[in-house]
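After this come two complexes, each holding chain A, first together with chain B and then together with chain C.
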Partner chain A sequence: MKFKLITLFLFAAAYAFLISLPASAQTLTAREIAEKNYLAGKISASISEATFRLISANGQERIRKTSGTSKLKSGSLDNRSLVTFLTPADVKGTMILTIENSEPGKNDDIWIYLPALKKIRRLISSNKKDSFVGTDFSYGDVIGYKVDEWKHTIVREELFAGNECYVLESLPANDQIKDDSGYSKRLSWIRKDNFTALKAELFDLNGSPLKTIRLSNHQQVDAANHKWAAFTLEAENIQTMHKTIIEFSHYEVSQKIRDDVFTPRFLESAR
Partner chain B sequence: MKRFIETIIRYRKLTITLNILLTLFLISQFRHLAIVVDLDTLLPQTHPLVAATNKIGQMFGNKLTVAIGVTATQGDIYNQRVLGKIQRITAGVMNLPGAVRSNINSLSSRKAKSISGDADGMIVRPLMEKIPVNPAGLAALRHAVETNPVYSNLLISKDRKTAQIVAEFKKIPGGFLAIQKNLNRVVDQERDESVLIEVGGTPVFLALLEKFSARMGFLFPLAVLVIGLIHYEAFRTLQGLILPLVTALMAVLWALGFLGMSGQPLDVINATTPILILAIAAGHAVQILKRYYEEYHRLHTEKPSMSLKSLSREAVALSLSKVGPVMLMAGGIAAIGFFSLVIFEVKSIQTFGIFTGFGILSALVLELTFIPALRASLPAPGTHEIQREKAITLWDRIALAAYNAAQNKRKQVYFAALISIAILSVGGYWLKIDNSQKAYFYGSLQEKQDDNRLNERLAGTNTFYILVKGKSEDSIKNPQVLRGIEAIQRFLEKDPLVGKTISIVDFIKKMNQAMHGDDPAFFTIPQDQNLIAQYLLLYSNSGEPGDFDAYVDTGYQNALITTFIKSDGTAFVSVLIDKVKLFSNQLFGRDADIEIGGGISGGVALTETMVREKILNILQIMAVVFIITSLVFRSVWAGMLILVPLLAAVSVNFGIMGLLGIPLQIGTVIISAMAVGIGADYGIYLSYRLREELRKGGDEASALRRAFQSAGKAILFVSSAVAGGFGILMLSWGFWIHLYLGFLISMAMLVSSASALTLFPALVFHFRPKFIFEERLK
Partner chain C sequence: MRARMQFALAVLCLALWNAPVFAAEETPGFIHDVESSTSLRSAYWSDSRIQDDRRNLWILGLWERFQLGISNNSKLVMDGRLGNRGPWQPDNVSGDLREAFLALTAGPWDLSAGRQMIVWGKADGINPTDNLAVRDFSLLTPEDADQKSGVISAKLAYTIENCRISAYWLPEFRPNKLPISDTDTTCYIEAAPEHPLEQWAVRFDSLGEGADWSISYYNGYDKNPDFSLWPVNGPQLQIGLDHHRIRVLGADTAFNLDRFGVRAEAAYTWTEDPQGIDPFMKNSFFYGIMGADRTFADFNVNAQVIFRYIDHFADSGALAEPIQSLARQAALSNNQFDETQLGLFGRIGRTWWNDTLETEVAMLYWFRHNDYLVRPKIKYAWTDTLKTIFGSDQYRGPENSAYGNLKNISTTYLEMQLGF
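Let's look at the complex of A and B:
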C-alpha cells in the first residue's frame, strides 16, 4: 500500500512538471527570442536628436543635448554611430564615433573628437562595460549583446506594462564575456508581438542587482522592415542610485547617410 | 499650606490612587520617547559650521566615515593573500546595511580608478578589478597606485605596508552598534597572522558611546542603592531608606513620561540625567522627612496623650506646612533655572533642562501629595525608631563643627575660602575647552588604539570639508576656481596633522598629464575651461557617472575639498579652520566662495558655542536664583548671600577641571549647571530654618545651633547622597564622561555643602542681614 502511494506521488509530480513547461517554449526557443530581439534593434540607418538627463542620487539633474547618426556596415549587422554634443556650451562639438566589430578577436572602436584640443583620441579600453558618454548606460547596453555570446533561458512569461512578454535570462557564455560586459546575468522582458525589449535587469559580477533599464514610448520607425525604436530609455544604477534618461525628440530612418561620416578622418575634418 | 496638607491627609486614599493612576499614565507615555544617538542633537544648528555641514550633507550626502586598515605583518601589501583580504572586506562592507555603496574607496572598489595615458590618449581603468596572479601583474598594480598620487596615504600607506578601506555609512535601525557588529563580522573573518586589521572613524566611537551609555541600565539601580544606603545611615530608619527613594524614583518616571509627551528626544548624553533627578528629588524628600521626625518627636514629648496615629498625621501636616513653602521655593528656583536652558541652541542641553525641570516639579508635587498621604497611611514611627533618628552621630558632630566655624572662626573660614578660590581660579586659567569625541574614551580601549595607529600610518581618520560654491553651473570647471582649490589644498597640507586633501583638481591634473603622454610636466590644471570640460567628458567614457560624486555636484557648481586629519581635537581644528578662512578670503574673487563644515567641524562649532553659552548659562541660572531669592526674602542681601556657595561650587568645579586637565566638553558642561541647581537649595533651606528658629525667640546661639542640627544636618545627608549616587558613575570603566561626571559632581556637592554650612552662615552671622535677623532687630 505504502509503495503504491509513493509511485502515485512520483507520477503526479512528473506530470505536474511536464504540464508546467510553457507552451510557447515548444514553438520558439530562448535563443530564437534573443535573436529576434537583437534584430529588432538593428536599424539600417538613422538620424536623430536626443536629450540626455543625468540625475544624481540626490536628484540633481544635468542635461545634455545631442544629435546622432547611425548606419549598419554594408552586408553586416555591425552598427556605426556618431554622437555630437550640442549643449552644454563647454562640450559643444564633441563627437563620439562608435564602430561595432563583431569579427572574432576584434574590439569595438571608439573615437572621440575634442574641439578644445582639435584632436581625435581613440578610447583604448573599449570594453563594453564602459559608460556610454558618461551615462548610466554602458556601450554594451547601447550597442546590444551578440546572441551567441550568451546562454538564454525563458524563465517565465508574464504581462508587463500591458504587453505579453517573455522573461529571458541570459548568462555569459564564458568568463571573458562576463568580464567584458560587466554583467553576471541579464534578465530581459521581451514583447511577444514585436520582440522589442521593455525592461532589463542587470546583475554585477558578484551577482548583486546593478542596474535596471526601462524602455518605453516605442514607435515603429521602419514599417517596411518591422523596426521599432524606444523613444525613452532609462537606466538606473541600483547601487549608486544614479539615473540617466535618454529621450529622442527626433528619430528618422534615412538612407541618405554617407559611409565616410563614420571615419576618424571625418571627425578631424569637422572642426 | 497646613490646610492643604490636612485635606490631602483626609483624602489620602484618593490622593494615592490618583498619583498611582497618573504614574501609570505617564509610564504609558514612554512609547513616545525617542532615544536617539544623533550628533545633530549635540550641535548648535545655526552655527555657520553646522549650517555648512547640513548643506554639504544635502549636496554630497551625510558623511560618517569608517576606516579599515589592513597592515601586512611581513613585506608589503602587494601579494595575493593581503590583496584578497582587501577585496573581500571591500565586497563585504559594500553589502552591509547602511553602507553608501557609491562612496566606498579601496584598492578593489570600482570607484578607485587609475588614470594614465599613452600616445593615443587617456586610459581609465579600475585600479584592481581582479587580483593580479603573477609578479608582473603585482608590479603593474603597484605602478598604477603609485602614479596616481590621489590614492597615496589614503588607500595605501607610504611604506606600502598598510592598505585602507574607506567606507561611508548612513544611520540604520539598531544604531551604530549594529553597524559596528556587522563590520566586525566582515573584518574578523580576515584576521590571521599575515595581517593586522584596525577599524577606526566616527561610527566606531558613536557605537562606543551607545555601548557605554547603555551601562546606565546597571549604574542607575546601583546609584539608587547607594543613595538609599546613605539615607539609611543618616536616618537609621526603614522609612528613611524607602520614602525618599519612592519620591525620587516616581519623579524620574514622571519626568520620563513628560519628556515623552513633549516630544523631546532622549539622547545618550542625557542617559545620566535620571541620576540627577533622583538625587534632587531625594534631597527635598530628606529635608521634609527630617522635619517630620523632629516634629513627631516634639509632639510626642509635648502631647503624650495623643494617639500615635494622630501624632503622626499632625507631624506630617506641621512638617509640610513649615518646610513645604521652602521646598516649593528651592525647587521652583531650580526648576526655572533648568527650564531656562531651553534657550541653549544645543538640542541635547535643551533636553537636559526640560528633563531635569520636569523631574524637580514632579518631585515637588509628589512630596506635597503622594508622600504625606502615604505617610499618613503608614503606621507611626515607634519610640525605638525615633530614638535611633535622634541619636547623636557623626552627622551631628559635623553640623555642629560647621556652626562653630561659622560663628567663632569666621576669619579662618574667610581665609580658607579665599585661598581655595584663588588656587582654583589659577586652575581655571588652564581650563581647556575641547570637544574631541574620541577623548570621551580611555586610551587603553582597543578602538582608541586602532584609531591612533591608523592615524599614524595613513592620512587620518578624521575629516572636515571645504565647500567651494560657484556662481553658476560649471563654475568649478573654471581654471581660476580650480587653481584656488589647489592653493587651499597645498595650504592645508603644510600642517603636519593634515594627512591628506582630495578634490576634483587631483583628477583633472592627472587627466591633463595622461593626455600629454603621461608627461609629469603636465600634472597641472589646463588653462582652458572647455578643455577641462572635455577631459571630464572623455573620462566619463570609461569611468562611471558617480565617480566624482564625492568631489563635485552634478552641475559642477559646487566642489568639495576633503581634508583628512590625524587628530580630532577641536582646539587644533578650530585654529586650522580660521587659518583656511583667512587664506581663502579673496582667493576666488567673484567666481566662488567657501564654507567649511562636516566631520569634526561639529565639535568646533560646539566648542565655540559652548564658551559663549556656558558663561551665559551659568549667569542665567544664577540670575534666576538671585532674583527669586531676593523677591521671596524681600531682600537683595538674601539673593547675594545665596549666590556665595554657588560661586564657590562653580569656581572649584572649573578650577579642578583646569588643574586636572579635564576638558570642558558636552559631557562636563552641564556639571556647573547641576551644581548651581542643587547648591541653591542648601542656602535656602538653611536660611529659612535660621529665621524660623530665631523667630521662636530665646537664646540666639542655641536657636542657630538647632537650625544647624536639623536643616544643616539634612544638607549633609542630601549632599552625601547626591555625591554617592553620582560617585557610582566612576565605576564606568573606559568612559571618561561618566568618570568626570561622577568625580566632579561629588566634588561640587562637597564644596557647595561645605560652603553653605560655613562660608554662607559666616557671612550671615557677620552682616546679620534683616531677612534672617528681622525679629531680633525689632
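Let's look at the complex of A and C:
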C-alpha cells in the first residue's frame, strides 16, 4: 500500500514537473513546430522601411529602398501586405499588394501597380516561385507557406548561431504545391524558444540546392504578444551566386493602419 | 450650364479640401513632400513612325515627373516631356505636358482635376475600352505607355468596399496622332470638334478577392479621325481629319483560373454613321479581346484572341475615284477594311539575372489578310540609373491590309535611358 502511494506521488510529481516546463521543451510534433513558426511571423499590423541590396556574382550592387505596410485581416491570421518602391527611378512608385487567403479553394491575391502603365495588374497568384521584383526571394518566400500544404518532419535538433533549433524538413503535400512554389524541399532552422526561423535551405524541383535564406538581427517588436521580427534577411541563390539582403531601418507595430490601404483602389489613388 | 458645372466643381473641391483627415490613422509613406523623377533619353531610330520616309534619326528627350504631397489627403502631380521628333531643327523640338492635376481624397471620395491620363482596360496591350487618354502613335519611344498623354478632366469617384463608381467630365479634346504626314500632293487638316465641353464618362469597377471587373461608358469625341475630302485649293489634295461623336459601352475582367491569368475586354462603339452610309466615317463596331497568360519554365506566355465586327459594312471598292482611294485609306487606318476580323495577339517574355535583362517578343496577327506586326525588345540595366533598350517594330502584309499599309514605318531602335 505504502509502495503504491509512493509510486502515485512520484507519477504526480513527474506530471506536475512536465506540465510546468516551457512549451519549447515539451515534445512537439513537426506540424506543431511549423504552425508555431507560422504564427510567430503573424504580426497584427506594421509599418516598415527597408533597403534591398541585390548583389550579383561579380559583386555589382543594385539598391532599392522600400516602404512597407502589413495588417492581418480582421478575425483572421491571413496577412495583407503593401510594398512601395521609393528608389531607384526605374522602379520608383511600383506597388505590390498581396492578400493571403487561407480559406480552402481560394487563391491568394496579388496586384502590382506599375507607374509607367498607370494600371493595376492582377498577377497569377499560383506563380509563387516567381522572383519578387528581381530579388532572390520569391513571392512564396514573401507571402509565406501555409502549414498544411507541406508535410513536415523533424530531421534533428542542433545549435545554430548560438540558439537551440529544430531542423524541420518540409516536403510539398502534392505536385501542384511543388510546381507552384518551385521547391521540392525546404529545410528550416527554427528556434526552440520563440519559434522564429533563423535559416532555410531550399531545393529546386530536381532536388538540387537552390537557395539559402538567413534571418538575423531579430528584435521583439510586439512584447505584449511575444512577436519577433528579423531585421536582416538574406537570400542567396546557390546556382547563380546572386544574393539579396533586406535590411529594415524602421519597423513599428501599429494598430492605426487603415484597412483601405490594402485595396487595389489605394494603389490607383496613390499614383 | 458651363458656369453652373464649374461652380459645382469648385464647391466640391472646397468641401473635400476641408474634409477631416484620418488623424487617428496612419497611411503608409506613399505621399512624400516632394518627389521627382527625371529620365534623360538618347536614341537612334532607323525610320520614323510617320509615313514620311525619314531615316536615321537621332532623338534626345527629357522626361520629368513631379509630385508634391500637399497634405495627407491631397497632392499635385505634373508630368511632361521635351525632345526632338526628327532631324535637329527648331520646328522638330516639341514638348507635352502629359499630366498636371490636383488629387484630393476624403474617406470614400476621390476627386482629381486637371490634365490627367486616365487609362482603362485589363487586357494586355490592346484595350478596346481605353478611349479617354490620348496617344501619339508617331512618337519615337520604345514603350507604348509613353506615347499616351492626358486630357483636362475632372474625376469624382466613390468607393464602397471593393466597388467604385467614377464619373468623368472631359472638357478638353485632344486627337490621337496617327502615323501620317503631309506630302507634296496631300495635306491633312485637323478639324477640332465643336462642343468639347460635352464629353463625359462613367465607370463602375470591382477590384477585390477573386476577380476584377468593370463596366464603362464614354460619350465624347472619337480621338481617331475620320477622313473627309476638302475643296481643292492649290496643288495639294486637302484631307480633313474630322472627329465625330462616339458612344462606347465597354466591359473588362481579369481573374486567375488555376495557373492561368485570364483577361477579357470588349466594347461596342456607336458612331455618327450607324447605318454605314458615309464612306469616310467609321461605322458602329464591336471590338473584343480575350486570352490568358501563364508561365512555362520561366517564360511568361500571353495569348489573346481579337475579334472585330463592323456593323452595316460596305466595301469601298464600289466607289468612284478619288473617293474610293480615300475611303480605302480611311478604312485601313481605322481598321474597318473588312466586316469581320479575327486576330491573335501573343507575347512571350522572360527576365534574366534578377531582372537585369528583360526580353520579349510581341506579335499581332490578323488572319484575313495575313498581315502582322512583330515587336522584339531587349532591355538591359547596366546600373540602377542607366538602361539600354534595343528593339524593332516590323509591319508585314499585303498592301490592302492594315499592317501591310504600315510597312514603311517599320523601324529598329537603340535607346539609352539615364534615370534619377
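In this section, the second predicted complex is superposed on the first by the 243 of 271 C-alpha atoms of A that agree within 3 Å, B and C clash if a C-alpha of one lies under 4 Å from a C-alpha of the other, contacts with A are read in each partner's own complex, and residues count from 1 in each chain.
By our rule, a contact is a pair of C-beta atoms (placed from the backbone, for glycine too) under 8 Å apart; a residue touches a chain by one contact, two chains touch by 3 or more.
Source: prediction; values computed, not measured.
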Checklist entry - On chain A, do chain B and chain C fit together or clash when superposed? => result clash
Checklist entry - Between chain B (first) and chain C (second), which does A:A230 come into contact with in this model arrangement: first, second, both, or neither? => result neither
Next on the checklist: By the touch definition at the top of the document, which applies to A:I257: first (chain B), second (chain C), both, or neither?
Outcome noted: second
Next on the checklist: In the overlaid three-chain picture, which partner chain does A:R122 touch, first (chain B) or second (chain C), both, or neither?
Outcome noted: both
Checklist outcome for this item: Between chain B and chain C, the one with more contact residues on chain A is chain C
Checklist entry - If you stack the two complexes on chain A, which partner ends up touching A:S56: first (chain B), second (chain C), both, or neither? => result both
Checklist entry - Which holds for A:Q239: it touches chain B only (first), chain C only (second), both, or neither? => result first
Next on the checklist: With both complexes superposed on chain A, which partner does A:G68 reach: first (chain B), second (chain C), both or neither?
Outcome noted: second
Checklist entry - Counting only touches as set out at the top, which of chain B and chain C does A:S269 meet: first, second, both, neither? => result second
Item to check | chain B versus chain C as contact partner of A:D130, first or second or both or neither | outcome: both
Checklist entry - Is A:A197 contacted by the first partner chain B, the second partner chain C, both or neither? => result neither
Item to check | Stretch in clash, chain C with chain B, out of 24-32, 294-302 or 330-338 | outcome: 294-302
Checklist outcome for this item: chain B and chain C footprints on chain A meet at residues 54, 56, 62, 88, 90, 116-117, 121-125, 130-131, 133-136, 240, 242, 244
Checklist entry - If you look only at chain B, which of its residues touch chain A in the complex? => result 58-59, 61, 91, 95, 101-102, 118, 120-125, 129, 473-474, 477, 515, 528-535, 537-538, 540-546, 549, 553-555
Next on the checklist: Quick check: in the complex, which residue numbers of chain A touch chain B?
Outcome noted: 54-58, 60-62, 85, 88, 90-91, 94, 96, 110, 112, 114-117, 121-125, 130-136, 179, 206, 208, 237, 239-242, 244
Next on the checklist: Quick check on the complex: what are the chain C residues that touch chain A?
Outcome noted: 22, 24-32, 35, 37-39, 77, 103, 105, 110, 117, 119, 121-122, 143, 145-146, 148, 159, 162, 164, 207-210, 212, 254-256, 258-261, 293-295, 351, 353-356, 381, 383-385, 387, 417, 419-420
Checklist entry - What part of chain A is in contact with chain C in the complex they form? => result 47, 49, 54, 56, 62-63, 67-69, 82, 84, 86-90, 92-93, 95, 99, 101, 106-107, 109, 111, 116-127, 130-131, 133-136, 180, 240, 242, 244, 254, 256-258, 260-261, 263-265, 269-271
